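Shared between the two complexes below is chain A, which pairs with chain B and chain C, respectively.
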Partner chain A sequence: MRRYFGRKLLIYILTFFLAVTIDWLIPRFMPGNPVQTMLSRAALRAEAVEVMYGYYTRAFGLDVPIWQQYLNFWNALFHGDLGTSVYMFPQPVTKVIMRAVPYDIFLLLPAILLSWYAGNHFGAFAARTKWLDNTILPVGYILTATPYMWLGILLAWVFGIVLGVFPIAGAYSFALRPHLSWTFIRSVLHHWFLPFASLFLVMFGGWAIGMRNMIIYELEADYSHYLEALGAPRRLVRKYAFRNAILPQITGLALQLGVIAAGALVTEVVFSYPGIGYLILAAIQNQDYFLIQGCFLFIIIGVLLANFAIDIAYVIVDPRTRLGMTGEAA
Partner chain B sequence: MSLQVENLTVYYQTLRGDVQALESATFTVADGEIMGLAGESGCGKTTLAHSLIRLTPPMRFVEGRVELDDEELPVWDMERMNDFRFKKISIIPQYAMNAMNPTRKIGKMTSELLESRKVDFKATLPELKRRLNLVELSHDVLNMYPIELSGGMKQRMVMVLSTLMNPSLLIADEVTSALDVSSQKAVVEMLVGFRDRGFVKSLIVITHDISILYQIADSIMIMYAGQLAEKASTEVIIHAPRHPYTKLLIASLPKVGVKYSEKRLTGIPGSPPLLLDPPIGCRFRERCPVAFEKCLDVPPFIEIEKDHFVACWKEFEKNAQA
Partner chain C sequence: MRKSVFSLMSLFVVLSLVLAACAPAATPTPEVIKETVEVPVEVTVEVPVEVTPEVVAYERSETLYVSGAAWGPPSDWNPFITWSKANTTGTIGLVYETLFMYDPLTDELIPWLAESGEWTDANTYDLKLREGITWSDGQPLTAADVVFTFELGQKYAALWFSPTWNYLDSVTAIGDYDVQFNFTDPLYQEWASNLYNIPIVPKHLWEGRTEEEVTAGANENPVGSGAYLYESHAEDRNVWVRNEDWWATSLLGLKPAPKRIVDMRFASNNVALGAVIKGEVDLSNNFLPGIATLSEKGYVQTYFAEAPYMLSANTAVLFLNTTKPPMDDPDFRRAVAFAINTGDIVNVAYANLVKAADPTGLLPSLAKYVDQAVVDELGFSYDPDEAKAILAAAGYVDVDGDGFVEAPDGSKIELEVTCPFGWTDWMEAIKVIANSAQDAGINIQDKTPDYGAWDTALTTGTFDMTLNNWAGMSNTPWTLYNLLFNHPIRDVMGSGNFGRYDNQQMFDLVDQLAATPSTDEAGMKAICSQIQELMLTEMPVIPLWYNGLWAQYSNAVWTNWPSEAENIPSRLPCTWSGYWQMGGLLTLTELEPVPPSE
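Now for the complex of A and B:
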């Protein structure tokens, strides 16, 4: 057990190290100069630009040799310092990201968890239930096959513009300041519903179809046939099949949860929802390398944590991994 | 009569047509009888076994009648068969190595299975443990997952599980083929022990390995390409077979009575016909050294001497002359 997790941990640390290095490299090898970009927008006089350029280069720590920059980067990283945003200067990147994260979690966590739960149960139920298999599953296929962008826009158009029952931009009414009151909470939920529903629908279809196919496969496994041969009722056979079919779905779930860190780019763009996805787009548009870097770092950590969670979850639910850890097989 | 099968015909439905894997099987297995079922790979042994207990698509019930202890088995009805499965008729499947759910502890699985059949697990537990002792498994296996058991242990565990409800008939499909020679012997002897103790009344033991049947079977039934060829007591099948296929089969084995467990049913020229479009009449015709025009009709499976059944026109002629 200790060796298993030790080895895993080593792999995670290596991956983290590599990913962070690449993340550090990206802005430095990208065309364009962030400081220049920012200054050019300010439309200053030439001599002022020069002074400002020197000032900002120092402020961003770009005036030291590249290896020093790399070491400084790691040092700052361990102090939770991801630099300063260019696009929202002079706010620190960490603060900008932390402001966006709650929206991501609020939007994605319920969408992922609920769609996972409902989709899996529905898929398992639909498998080998003729009328459902023939009616509702095709709908699932259509849902997952639909380009998400298209579905999002369609929902926004129908409910936001044609029917006008839901707002289609922002996380709460622009007329409100965040505070704790029913009006504000209602506004937040109101703005949350469409992006949530669009994500839920698409993910639900995916989980349901995946589960249905897995169950059909498991029902043909030897252990299912044996149970049937011993006269086990359909309910028990299906329960066992579900237990085994859920394993790959747990992996899928954890991966999705890791991606929360990345936000839901398209959703957040379509509904102008201020999560990380929206932030990444803004950062790219503004060539805000430090913000991009910060966002990516955040995603790296999220994905690695999620993977680690999968490893642990598997050890708990699948005895085969637990045993593999003592042998060399793992 | 424990088991009585009449005209049982079961096909596999495939996109290319019906695979005629079991054609008009008619035979009986007496109370207390251990009947060996042998034949080349693909001749329909597993099909016959599954037809009796778990007939699911792509298998298709064509016709036939099965009686067990004078009660008709509704083999074509998945739901109604449930009343008989496990309690009256049971199976150790050919895939016994993978028969147990990988993610449930064996004891837990057993208890869930029993409870689902309205059997009190607690009350059954002492008997279960007694039987584990008999097959030399520690009680700890109940707390283990299937992968923690060796192949032989899994085989014995499934054996105990399948027979826990004291069925009238147990079908053991290739229980030895995955094991080494010494565990083969142990497993086979345990099967006989189960019969002797009355855990099961009758047994059908399916195998390629006639030497095993020679050790334990009271009678042997030979199949060829979906048809029954011959059934008689073990001594008769080994020493005085009548069907040309059985004769070739026995002759192809090393000396009778000595160990020939390594030898499989090969060594006969030609290969069995495809069952998707089998030849008419006797399916052994193309390989049979004594085939004649009559063999274009299907030979019936007839008792030519007491407890000796054969399906061969040539033998019927000889019998008529004698």
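Now for the complex of A and C:
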């Protein structure tokens, strides 16, 4: 067991190192120069631009050779410093991300967990139930094939504008300041509902379809037929099939949870929700090296942690993994 | 290092708390003032949270909701950081004020912090400040603050107005309210624009700051002299609350109607449009295609009731890269000018939300500098036959029969016209440019690189043809000419003349204009006329249309919005960066609340 996790850990560390290096490299391969871009936007006099260009290049540490920048980056990273955002100068990247992440968690965690739970159970229930298979699953297919963007705009249009029952922008009313009161909490939930619903619906469709297909496969397996032949009740057969079918879904869930830090870009843009997804888009558009690095660093950490969690979860849910480990090093 | 900074900061917090507790007591002793100076403003943000009860819900009838100005989440309140000022546009205009305001619609410099200002001789500018202006912390605004602000530009080259010191020799306070500026060969035109663009900051709060704090500090909880105070912010909003002790209320009888301004940032245009339709935005400065329909149906009001609906804010100019053949040939450039179907850009790409530009490129607000005789003789308009005739006369003929002309030396002509990807209106516009040029026999294709790639190509001069509109509304035609004919030619052209048009005669004219006193209108006109003649003969740039001052407003909560109609204030209804002092703030003072219906 220790050897198994030891090896895993080494792989994770190597992956982290490589992924972070790539994360550092990619924005620098993008065409363009962030300092020049930001300055030319300010449309200043030529003399001012030249001086300021030098000043800001130094301020962002972009004036030293590229290898030096790379070393400085690791050095700062170990000190918990992700640099200063270019596009939101002079805000530190860590602060920018920390302000956005709570919204993502608040939006995505319930959407992912609830849709996973509901989708799997519904999928398992619907499989091989003729009228459900014929009526509701096609709806699931439609839902999962729906682009978030489109569903989001549709929901915003119908509930936000035509019916006017939900707000269409922001994380809480533009007429409020965050404080502890029912008014504020209600406002937060009210603004949260539509983005949540659009994410929930699409993901629900995906989980339900996946589970339905998986459980049909399991119900065709020998052990299911054997159980049926023994005269086991339908519920029992389904229970065993469900336990087997859920494994790939757990992987899917963990990976989804891992990228929570990436936010839900499209949903956040459609509903103008201040999470990290929109931040990433803006960072890339503005070539904000440091913000891009910071956002992706969180994603890398999230994915690695999720994978680690899968490793552990498998040991718990799937006895075969446990047996494999004691028998032969996995 | 971090830890020690932190403990130092907490010390300051305690200190500022103590100070805040003492502050209302009596006239502060000199020691106390000295202490206040030491407190970095980043820290003082803690203070109001502790002492004043927060207002947590804003009354709709007292609040103005605006959108379309903020490019990004609020990141600083430092009036000297130019590149993120578009994230919090109110920093200059609502909090920090300028010596003058400028009204482009009447072409008038409006005395603001200054009561008056004039050139007493060719090298001396005398400024008189209003008496009785106070900072929002109660300290008086005096000549010392003005001198201090200008001298920051002398000390720190990284401040945008620092180049003013190339011709400014000294700034002297004479008494408390008079300031004298001494120059050598002043650039009068630029000076006039400085007067309404340089924000004056309080000396007593800024003089203790380090260079880094001045040029790159976030300056949270700013203390200015303006009509509004910082109240709060979040990723998607800036909230300003009215300064009830604003000097202009007692001195000029002006009072902005909204108690609060909530400046909202929407992640996409469809959200902005939805908010406009729902009446959640009182003033939207977003570009919303199709607003004409909403305006006609009465959902929103615009400055003009009919096309082009919007005032013109800046000129979209097609830069031709004059270092590349065949764009080094003035005949070819003129042919391109005649080949572009600007009418289609206006009608189709913009659905009539914009106006075709004058061939000189000068905005309607500067129309008096257009020499109509020159335009009548040399101006261009969409005329494919004329384009073909110019091409044929200059030796551009279709040799290989592919429908496109070849250069006189027989080489193929394949050009690209670009704009950044995602700028949907411009993407449509360059399609029209490419198509109409192709119809006239010039092979131009439209390409939309990423902003970064586009910007690099623009500033390093590797593009063929591209759109640009970086000269906004201003008090002088020099602003446009400084963009079009920026010189000398350098490796990186970061702020103009992207096509690297190299003509000393033109550069001399632009320099001459810059050194002409703004009061000498006849002199300015004479030089402008020469510039226009040269520009229209050589055609290094092609002015195409005026981008609008996008503004749509709702009359649900606030009325008396700017409009062309008579007896209604004509101001720029605009919250963009730099536009507060060009009419945006005065618009607020003229708004009227709608009485609540029964």
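One rule holds in what follows: the second predicted complex is superposed on the first by the 317 of 330 C-alpha atoms of A that agree within 3 Å, B and C clash if a C-alpha of one lies under 4 Å from a C-alpha of the other, contacts with A are read in each partner's own complex, and residues count from 1 in each chain.
Methods note: a residue touches a chain if its C-beta (ideal position, glycine included) is under 8 Å from a C-beta of that chain, and two chains touch if they have at least 3 such contacts.
As the structure is a prediction and not an experimental result, all values here were calculated from the model.
After alignment on the shared chain A, the placement of chain B and chain C results in a side-by-side fit free of clashes. By the document's definition of touching, of the two partners only chain B reaches A:225; chain C does not. In the superposition on chain A, contact of A:243 is made with chain B only, not with chain C. By the touch criterion stated above, A:171 is placed in contact with chain C alone, chain B being left untouched. Rounded in steps of 10, the angle chain B-chain A-chain C defined by Cα centres in the superposition reads 160°. Chain A has more of its residues touched by C than by the other of chain B and chain C.
Within the superposed three-chain model, A:65 lies out of touch with both chain B and chain C [touch as defined at top]. Shared-chain residue A:233: touches chain B; no touch with chain C. Shared-chain residue A:320: touches chain B; no touch with chain C. Taking all C-alpha atoms of chain B against all those of chain C in the superposed arrangement, the shortest distance found is 48 Å. Across the superposed pair, chain B and chain C touch chain A at no common residue.
For chain B in complex with chain A, the touching residues are 53-54, 56, 81-87, 90-91, 93, 95, 98-104, 112-113, 116-117, 145, 147-148, 158, 161-162. Within the complex formed with chain B, the residues of chain A that make contact are 221-223, 225-233, 235-236, 240, 243-244, 247, 317-320, 323.
Across the complex, chain C is touched by residues 30-34, 36-53, 55-56, 59, 79, 85, 87-91, 96, 99-100, 153, 156-157, 160-161, 164, 168-171, 174-179, 181, 183-184, 268-274, 278, 282, 285-287 of chain A.
On the side of chain C, the complex with chain A involves touching residues 2, 54-58, 60, 63, 65, 72-73, 75-76, 78, 81-87, 157-158, 160-163, 166, 190, 215-218, 232, 234-237, 239, 262, 264-268, 270-271, 274-275, 277-278, 280, 422, 449-456, 458-459, 470-472, 482-483, 486, 490, 492-496.
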